[in-house]
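In the two complexes that follow, subunit A is the common piece, with subunit B as its partner first and subunit C second.
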Partner chain A sequence: MTTIKEKALGFTIVDRRDGKLALANMYVAFIALFIGGLCGLLQVLVRSGKFTLPWGIGYYQVLTVHGVLLGLILTTYFILGFQIAAMSRTSGTFTDKQRLLGWIGFWVMTIGTVAAATMVLLNEASVLYTFYAPLQAHWIFYVGMALVVVGSWIVGIALFMKYIEWRKANPGQPSPLLSFMVVVNMAMWQICTLGVAVEVVFQLIPWSLGWVDKVDVLLSRTLFWYFGHPLVYFWLLPAYMVWYVVIPKIIGGKIFSDALARLSFMLFLLFSIPVGFHHQLTEPGIQSFWKFLQVVLTMMVVIPSLLTAFSMFASFELRGRQLGAKGLFGWFKKLPWNDARFTVPFIGMAAFVPAGAGGIINASHQMNQLIHNTIWVTGHFHLTVATTVVLTFFGASYWLLPHLTGRVLTKQMNKLAIIQGIVWAVGMTIMSAAMHIVGLMGAPRRSDFSTYGGAAQATDWIPYQIAQAVGGTILFVGIILILYIVVNLLFFAPKGETEFPIGEVSEHAEKSPMWLENWKIWLTICIALILFAYTVPVIEMIQNAPPGSKGYKFW
Partner chain B sequence: MSKKKEKDSDLKGTLYSVGLVGIFILVTWFMAFYLFIDRF
Partner chain C sequence: MHIHKYEKWWLTFGISSLVLFLVIVGFSAFHYGSHPPTGKVYIDPERVDEIAPFNNPGVHKVEGKEWDYEVVLVASAFFYNPPEIEVPLGSTVKFISTTKDVVHGFQVAGTNINMILEPGYVSEYVTTVDKAGEFLILCNEYCGVGHSSMTSMLKVVE
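Take a look at the complex of A and B:
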């Protein structure tokens, strides 16, 4: 149902009521970015050895705030807000009931977030964002985390309902691409969060309440990583949504292929879940064969990843050639480099090349020993999530926020946004490169400043920690810039209408076959793969369970 | 125009770009592999 205003503008506007719900999620996301970013700054300063935290605040408390707020809260809220807007934009306005579910989910998540955050601030839960047993937090922290997950399920139900409604109203037709992608991501989330929910509800909560005194650490980690790897794809897929669907429109081109986009999303669904062991490659108690099997499944994501790279390059090249580009790479110069909505996510795409290469190294079974628990890993995921994903999210905010608030991104803000992207790239290159290199020299992750009793090896690490402090400080400037732009877009930018860009499929592309949207097939394969990869090792784990551990509080 | 359109679907640059990404991945992987063999 297009309104007269929309006809005049030539684009669809997300219903204001849905927009409010999406915006509520965005507010929480950006508040989390501010506090979490501040903690990041404190961490690099402490680790440089030149600064100590005041008022007896512990390093690991700060690191818990950073990991939880940025890794879990910023991401989940931004993604749900983005997906709510995307669904409303492409499948139509939510019904009152669906929107109510969206709000209930939001508040359940927010109560959980506040509960967990309070415990961390009271220094009752400095267990880092992975809340690994046998570190033991206050039970309220775990209940808060569980509420965040349950709240996200409720939002997920609203999204599923919208999708089902669309399919019923349009029988025999493929759903809008963006809606389809949202549903794939939420299906993956639904399946993987069951693992962490079981861990928290059946292991950690009873144990932290003292109902049982021991916890099976091996099983708890396995359940965590059954969730933990899909978690990183839950962050990444919304960025891919922007790349596949929005970026082609922004550059004035077309989506290279609808079918290819759908296929790669389904492959991500299949190969993101049965692979958690690649985080447990040094874990005793899991047979090497099962690790190897999950390593093979992990490597399968190379396929949809390269499909994505191909599809992006193809959209760019086709557009560039349309504009008259010559030669092998002439199209590169024709891209709209002065448009922050393109350039900022593009920096994110570029970061994914070293990020992906590093990921393959991490997952290469025995080779994992090279980097396991070193700060290389931190360098790696600051490229994946803290660059590729967040820069794409920032780039998306530059049209999504003004779209939802009925404002426009001014020329000055656009320029500042590009500067923001460059500042981020510079800061991250310095910080992440230093982390990668010193990680290979054995420097551990998750560690306060220490001279390790004057050990020579640890002395060699210090210059790299200073480099991280330099890079991290530049990154913090990047955080101030993005927050300045966001506040502008929310409250001060001039009124006007901004488009929510949705690309059209190239006229040369084949029509997508319906089997790509046959959930029976895909979910069956997905569950079969999970059962294949996990059933036997988990049974072995339970039958030969290690002795349970009591809880520890080291902070 | 339509003749031109046909030529548009020339995706050589894309092929080379994806190839370069692939080569980058292989090179870094072998560097890490070498380090691994050297150490363990």
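Take a look at the complex of A and C:
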């Protein structure tokens, strides 16, 4: 309920009890950022050839920590924390039962994280976050990862319950845009994590416990990538939520179109999942036809991406012209460049242009052969998730954290935040460009430093690997800066009220048609597409399965 | 649902480019047969050394096929057998490979010869070697602690 004080402030505040739950998730996310980022620094240093890890720590152990903490833990916790706050802000305070579910989910995830992390630190699970059966980790690692997924489902149920409650209380009304987006993202998450859950629970856990001797490797990889690509959209969609709903308010403008925003999210739901084969283009056992089909489905995400780009820049231009901008591009100068809440995510948006172009190359059937498993791919996803997504999350933290802690972002911190964004952009440009170039020359990803027996080609890669180390070191400075700001916002910033900005829809936009929120239609299409893309090839895989593989511990 | 005029132009242009792009990729795949490597042959990963052609790894000249040479290569932690391959420039070569243990990669650096080797499957790729020189063959799929020391060398000679 809105109190008189909040009405006077002109905005609604997330209930303190919901805020506590959101903050708990944020704590874990930023701890993961620190440890995972430190591992990233160690990796680029090792890969430069000028540094070796002390105390018998393995490169692949560090790589596993980096991948799991940043790819799974930082992202999932930040996203759930953000979505809990977003739901509470736009659909109302959680009931005690819903909030309890949120806490149960949080603790289940956290127990899982600690269990998995322990096994990685004991060097019992250097299998990287993509699992790589028949490399076999300790069963506790797999159980830990399963708990992370199950915990996220429990949080998801709490979010769904809130949404259903809102819809029941407001029949015939489109739900608040941000709540709708949260629900789309969680629906996608629930559907796609089924794949990895089946892999872990029915294949890897029984196999690592010795209940079964063998594992079907191709099936395990297919189940993983059924989850592995939607995972990247699960990271991206919360960034899109900030762009669509929050940024227009920050710049003082309006949401260009509510209906197109919803349509774009529904298209992501449809075209995020039946596409995993584009990670398996060079693998045996899958017919080329099915690979190509999933390539086509993958490329369909270009359409919602075009919609999003248009909406963003339409919002920017309309606002700039409202402020009296002249000429074709005069509005660009009118944007609030001294506001970190805008500028930092904007750097992320800019990074998405080369990131998206690289992604199209990666998923392009035969073109994939040139870059598959080269460090080009690492360069690619450090632009997508580690720049576009992460800078948007940082930009969101600058209002979300003080909103939740009842503090304010000071001018100094705002300035530091902009510097942080620039440091990140510089470091990432160097590191990612080096990775892209040397990847085209053939340097592999997920590999320790090696001279490859003195091969001439590998010698040519070394200057780029040093450039990666320079870029990576600058990025680590960026991590120190963001953590400094986060600690300030959590514990030291002056007390005060900070807005959770929610944009309003432009008065020119029409009311959104209700079919956009008809879940029966969208979920039916979603499941039909998945069955279409996967049924035949998976049946072929199972019918023609070779003898399975026993487990190996090669690290 | 109302869509702004400029947005219609933007989407029309974007989607048309996408369709054109996919038609080109598809035409190249299905008309010219330029598909990424695949393999439909199955093998018992624990008996690789006994099963032809993997009981005799190396370069074999063949007659009456669409390719001139078959390169048979066996991967295991952390070796390729053979450690060196030599083929004449301009010849058409079929690379045939599998793994005896975990998943390995088979990448010829600086070329588009790039396949995943999975236990139980035979990966194949046919290509014409049209660049002379020494090309590093390396493992690009994480396989354990010796992953980055796993190499072979493809020599394309005139």
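FYI, the second predicted complex is superposed on the first by the 555 of 555 C-alpha atoms of A that agree within 3 Å, B and C clash if a C-alpha of one lies under 4 Å from a C-alpha of the other, contacts with A are read in each partner's own complex, and residues count from 1 in each chain.
Everything that follows uses one rule, which is that a residue touches a chain if its C-beta (ideal position, glycine included) is under 8 Å from a C-beta of that chain, and two chains touch if they have at least 3 such contacts.
Fair warning: this is a prediction, and the values are worked out from it, not measured in the lab.
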Scan A:456 for contacts with subunit B and subunit C and give back first, second, both or neither. second
With both complexes overlaid on chain A, does A:321 touch subunit B (first), subunit C (second), both or neither? first
Applying the touch criterion given at the start, work out whether A:28 contacts subunit B, subunit C, both or neither, answering first, second, both or neither. neither
First (subunit B), second (subunit C), both or neither touched by A:423: neither
Subunit A: partner with more touched residues, subunit B or subunit C: C
Is A:366 touching anything from subunit B or subunit C once the two structures are fitted on A? First, second, both or neither. both
Of the two partner chains, subunit B (first) and subunit C (second), which one does A:554 touch, if any: first, second, both, or neither? second
Give one of first, second, both or neither to describe whether A:442 is in contact with subunit B, with subunit C, with both, or with none. second
Check whether A:357 is in contact with subunit B, with subunit C, with both or with neither, and answer first, second, both or neither. first
A:306 in the overlay: touching subunit B, subunit C, both, or neither? Say first, second, both or neither. both
Overlap of the subunit B and subunit C footprints on subunit A, listed as residue numbers: 306, 310, 314, 360, 364, 366-367, 369-370
Could you pull out which subunit B residues touch subunit A in their complex? 8-14, 16-18, 21-22, 24-25, 28-29, 32-33, 35-36, 39-40
Per the touch rule, the subunit A residues reaching subunit B in their complex are 306, 309-310, 313-314, 316-318, 320-322, 328-332, 353-354, 356-358, 360-361, 364, 366-367, 369-370, 440, 508
Applying the document's contact rule, which stretches of subunit A touch subunit C when the two form their complex? 58, 60, 128, 132-135, 217-218, 221, 257, 259-260, 263, 280-288, 291-292, 295-296, 299, 302-303, 306-307, 310, 314, 360, 364-370, 372-374, 441-450, 452-453, 455-458, 509-510, 512-513, 544-549, 552, 554-555
Please name which positions on subunit C make contact with subunit A in the complex. 1-4, 6-7, 10-11, 14-15, 18, 21-22, 25-26, 28-30, 34-40, 42-46, 77-78, 101-103, 105, 107-124, 134-136, 138-149, 151, 153
